[in-house]
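One chain, subunit A, links the two complexes that follow: it is found with subunit B in the first and with subunit C in the second.
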Partner chain A sequence: MRLVESRLTLTVSYALLALFAFIALFPIALLVLNSLKPAAQIVQNPLALPETIRWENFTNAWNHARFSTTFLNSFIITGTTIVLVCTTSSLTAYVIARRKIKSWKILTFYLLATTTAPIQLYIFPLYFGFAKLGLINNIFGVALIYTALYSPFAVMLLRTYFIAVPKELEEAAIVDGATHWQVFWRVMLPIVSPGILTVALIIGLNSWNEFLIAITFLQKQENVTAVIAFFLLSGQYSSDWGEIMAAALIIVIPVVALFVFMQKRFIEGMAGGSVKG
Partner chain B sequence: MANVAIEKVRKSYGAVDVLHEVSVDIADGEFVVLVGPSGCGKSTLLRMIAGLEDISGGTISIAGRVVNDLPPKQRDISMVFQNYALYPHMTVGENMAFSMTLAGAPAGEKQKRVAEAAQILGLTPLLDRYPRQLSGGQRQRVAMGRSIVRNPQVFLFDEPLSNLDAKLRGAMRAEIKSLHRRLATTIVYVTHDQVEAMTMADRIVVMNGGHIEQIGRPLDLYDNPQSTFVAGFIGSPSMNLLNGRFDTLGARDIFRLDDGTALPMPAGTSKQGSTKGVYGIRPDYLKLSTGEVGFPAKIVVVEPLGSETQITATVGDQTVVILSHDRVSVEPDETIFLAPQVERVCLFDEAGRRISRSDA
Partner chain C sequence: MHRLYIVPTMIINIVIVAIPALLTIVLAFYNWDGISTPTFAGLDNFRALAADRVFWTSLGNNLIWTLLFLTVPILMGLLAASMLLIVRRGSNLFQVVYFIPVVIATAITARVWQGMIYSPVTGVFGILQKYGMPIPNPLTQPHLALFGVATVDLWHWWGFLCVIFFAALRQVPQEQIEAARLEGATYFQMMRYVLLPGIWPTITLMMIMTVIWSFLAFDFVYIMTQGGPAFSSELMSTLAYRKAFYDLNVGQAAAAALVISFFGLVGTYFYVRIQTREGEQ
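Entry: the complex of A and B
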């Protein structure tokens, strides 16, 4: 392969990329390093290699943050949010992308506008509303808020995937005898599946890491999420940093695992070959 | 198998009419090609037969049943799209079987019908591949296979060969034609390529601006175009259409071009009160004459093609194309004399309508 770029361009771009990679990876390296050290050593020198490896940090973190319960809560909230967002948004996006109804441009604009509204703006009214409905301390209630919060983004993203599908595919399916539902379910959905996967991944990450709503709406010990439990590890007067680092690492692991696992499918282009490319 | 009757069909988008009371009768088992320049409404008409577009007025019936308000799947038609429209997530076999899967057909029957269609089209070794793994021609065949499996009463083709290269297009043309002979199903085929229309059709419907210009057998259209549009559209290179007026020279009727050149008129052609008109003669029927018989023209370009030589020349300020099947040795800027085969001349009035010969 002949490279078009000059050697200088290549050197500069690699240097820059190396810098970015370092910036991205340094905190994680620090996290791993310090999660293996006793608190006293961390305070002494956060950058030093551990003198003794302290695995108890992990067991302590697991027990103190009650990860057996809080992880389950996080999983339930994240899973419910993903399922709700993906089903409702894919249907909405399909309709917005395909059914040419003039006034629905307003709806599209509304969705776009809502992605810019900060949650802090309406968290109080929402709280009182949920309190009236008895949904405080209900993890499914929180999943519902996340769904509402992330749906506009998901709809806008999926809309572009649906628009990219050639109209003829739909028409071919209709001529083949498919109902509108079958067109959506058996033709459109498999084709936009990379988009849905992307949405699931982003929404999943967001809900897993979400803090403000979780801490506002979940106040009982037994239904807090992993992130909140992690936050509660740092005490007002003293914190065991080794334990906190270990807890942070435990929280990050599922996310990293998911990305590594999904990476290949993520990139895979499904639409190739349906029509003349 | 079925006939298709299109009666006074209209299509309008708001105030814009794209089809004006179009009527065509397509017989059972006939291969009809709708041809015309882009935007003439041919694809719209096909999509109306398919049920993908609403019908603004008139009726379309398939096998004697008015289908205006029936959804596509109840019309018993199948359609092949220009860009194939194969389902990318299904294998060739699944693509072909999709309509039967939707209808809940038993697996055994599905397999049998797919195997039959695959055999006809030579797709058997490709049944487990995905569309992205196929070449353009193979994709086109799969799209046709998907239609055959349904065993419809009418096949609809929407410019199916436009995305293929010239060589493959020729091969697929022959394949579609032999497929028609084999299945004997009614076919409505849309194309903008008059060569496809001429080579494949039993009858051609020439459309222009939402109207039907002429319906007829390929050679009828070639020999007897009823308008300058059809004359210019059918045949390649297209018919020479020279502007001028009807005149007399002594006792003889002649056609005088704008620059004064006199052209001979076919016997028994009346002027029908029109003084201005158009003189149409196909490039094949303009002969290079030896000696000074005919009218003079100045050569612009000579294109030898082997079996024939195409010569572009000017008469006054109008361009004529001559197709000579003999080897000729002429050079640009040379003046030649052209003798039209008078019995092959088509005369048109000022509005571009054919002037008939009968009423002499």
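Entry: the complex of A and C
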């Protein structure tokens, strides 16, 4: 479909789109370019191509940011969060989508309200409570907070997938003598599994990138996530921007690669709850 | 039986969100340093906030922030999304490129802009200065710091809106677009009479979310300026955080959190109304 057929319109449109693409890519290009340079060359000109490629930036970044430990922390936190969110939210989403309990409306209302509640509304008592229980620096404690934080979103998104499943399937299974649990586990879950994958991707991305909770609840160097290790490296331990950009690139590459590879799912999931027809 | 299904979600949510949120409401009326026994303070925390110049600066900054995000990224998103609709070919590639900044961690985005763009020593601004364009580092200028940070958040954010608007635009009925085209509508007429009305519900929802989200903005200010210089870029969220964890004045932090929540609540009311209305259809 073309809105207006003239060639001029097309040219202008492409020019504008290219300009927007340039804006989006320019800082990323600087990140990649300067991760390859020694610090002195960055000071000279951050825009120039590297005269000599300095691969040590990456080994230095890896060691100074303790990525072998901190990446593992990030993986454990992200993995735990994904598992907790997907299991608990699919149960709740099913109940809400099929209105299995009388209070489904209040429940929906409550969960929608918590998606928009500011973290500041609960982080202070939560922090001092965690401190009392000795849960500061506990990566599973952080995963639990992420689960609470992200599960309302997951419930709302999964709900739309459950609603799309024809009611007849469920009824047929019950006629065949399946228990409620079997209906959920054997009939519903396999059908909504694409939705669960989408939720896993978005929740994974959010927990991997999260900053405020991680910086507050993880304070020992060996317990922080990769993103916080990068933040500490760039703020306190290094002024070598080549090394800092190398550390950034190490964190960004897997995320961007996964995003480009699974873009349809990411975009569908992010836009899922937002497009009103 | 099905009641049991919601138990795990609810337990986690109540322990992590609901109970601490109620405690925050209570703490706003107490003096507490996080360690000793809290003492009742009545409205003292709110009075102290009202007398604090920084509180008013940060409230003003939050309003500026909200206005910026209600206009700039939404206009950019709409413009780019409508262009994607016009060209069609390559639209998916552009869409993916615009979305990349959204998936990069805020801490990394902040440092790239700080070191590679704004810095007069290692950044592009330094080069421009060398070539005789005296652009100061906005993060060190009291009247520019907030905008310097907001620019970074805008860069990180607008692609999300573009992708959502593009998805909505593709759902506008084809016949309407065809009809307008046959009658020789220009781009602006097409936007004004066909496309914008077609995606208005999505735009409204995004504007409500913008109001809610802009009072939650934290990462970029905390990382890039810590609210400085001289509190000029302080937001309500960073103010509350500083009061709780640096000044150990948890009561005042809780009071500030209630003020943030009040603004969020207005947006939340409309958000919940729109979302549940759709759920009943």
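Heads up, the rule we're going with is that the second predicted complex is superposed on the first by the 232 of 277 C-alpha atoms of A that agree within 3 Å, B and C clash if a C-alpha of one lies under 4 Å from a C-alpha of the other, contacts with A are read in each partner's own complex, and residues count from 1 in each chain.
Keep in mind that, in the parts below, a residue touches a chain if its C-beta (ideal position, glycine included) is under 8 Å from a C-beta of that chain, and two chains touch if they have at least 3 such contacts.
Not measured: the values here are computed from a predicted model.
S.K.: Please indicate which partner A:Val95 is in contact with in the superposed arrangement: first for subunit B, second for subunit C, both, or neither.
M.R.: In the superposition, A:Val95 touches subunit C alone.
S.K.: Answer with first, second, both or neither: which of subunit B and subunit C does A:Ile191 touch in the superposed model?
M.R.: In the superposition, A:Ile191 contacts subunit B only.
S.K.: If you stack the two complexes on chain A, which partner ends up touching A:Leu157: first (subunit B), second (subunit C), both, or neither?
M.R.: Touch status of A:Leu157: no partner.
S.K.: Quick one: name whichever of subunit B and subunit C touches more residues of subunit A.
M.R.: Partner with more touched residues of subunit A: C.
S.K.: Looking at A:Ile136 after the superposition, I want to know if it touches subunit B, subunit C, both of them or none. Which is it: first, second, both, neither?
M.R.: A:Ile136: touches no partner chain.
S.K.: Just to be sure I read the superposition right, which of the two partners does A:Leu72 touch: subunit B = first, subunit C = second, or both, or neither?
M.R.: Neither partner.
S.K.: When the two structures are overlaid on chain A, which partner does A:Val32 contact: first (subunit B), second (subunit C), both, or neither?
M.R.: Neither subunit B nor subunit C is touched by A:Val32.
S.K.: Where on subunit A do the contacts with subunit B and the contacts with subunit C coincide?
M.R.: Touching subunit B in the first complex and subunit C in the second, residues 270-271, 273-276 of subunit A appear in both lists.
S.K.: Enumerate the contact residues on subunit B facing subunit A in the complex.
M.R.: So the residues of subunit B in touch with subunit A come to 50-52, 71-73, 77-79, 81-89, 98-99, 102-103, 130-134, 136, 139, 146, 150, 163.
S.K.: Can you check the complex and tell me which residues of subunit A touch subunit B?
M.R.: Touching subunit B from subunit A are residues 166, 168-169, 171-178, 182, 186-187, 190-191, 193, 270-276.
S.K.: List the residues on subunit C that touch subunit A in their complex, please.
M.R.: 1-3, 5-6, 8-10, 12-13, 15-21, 23-24, 27, 34, 76, 79-80, 82-88, 90, 94-109, 111-113, 115-117, 121-124, 126-127, 155, 159-160, 162-164, 167-168, 171, 174, 177-178, 181, 185-187, 190, 201-202, 204-206, 209, 212, 215-216, 218-219, 222-223, 236-237, 240-241, 244-245, 250, 253-254, 256-258, 260-261, 264, 267-268, 271-272, 274-276, 278-279
S.K.: Considering the complex alone, what residue numbers of subunit A touch subunit C?
M.R.: 1-4, 9-10, 13-14, 16-17, 20-21, 23-25, 27-28, 30-31, 34, 39, 42-43, 45-47, 84, 87-89, 91-92, 94-95, 100-101, 105, 107-109, 111-114, 116-129, 144-145, 147-149, 151-152, 155-156, 159, 180, 184, 205, 208-209, 211-212, 216, 227-228, 230-231, 234, 241, 244-245, 248, 251-252, 255-256, 259-260, 263, 266-267, 270-271, 273-277
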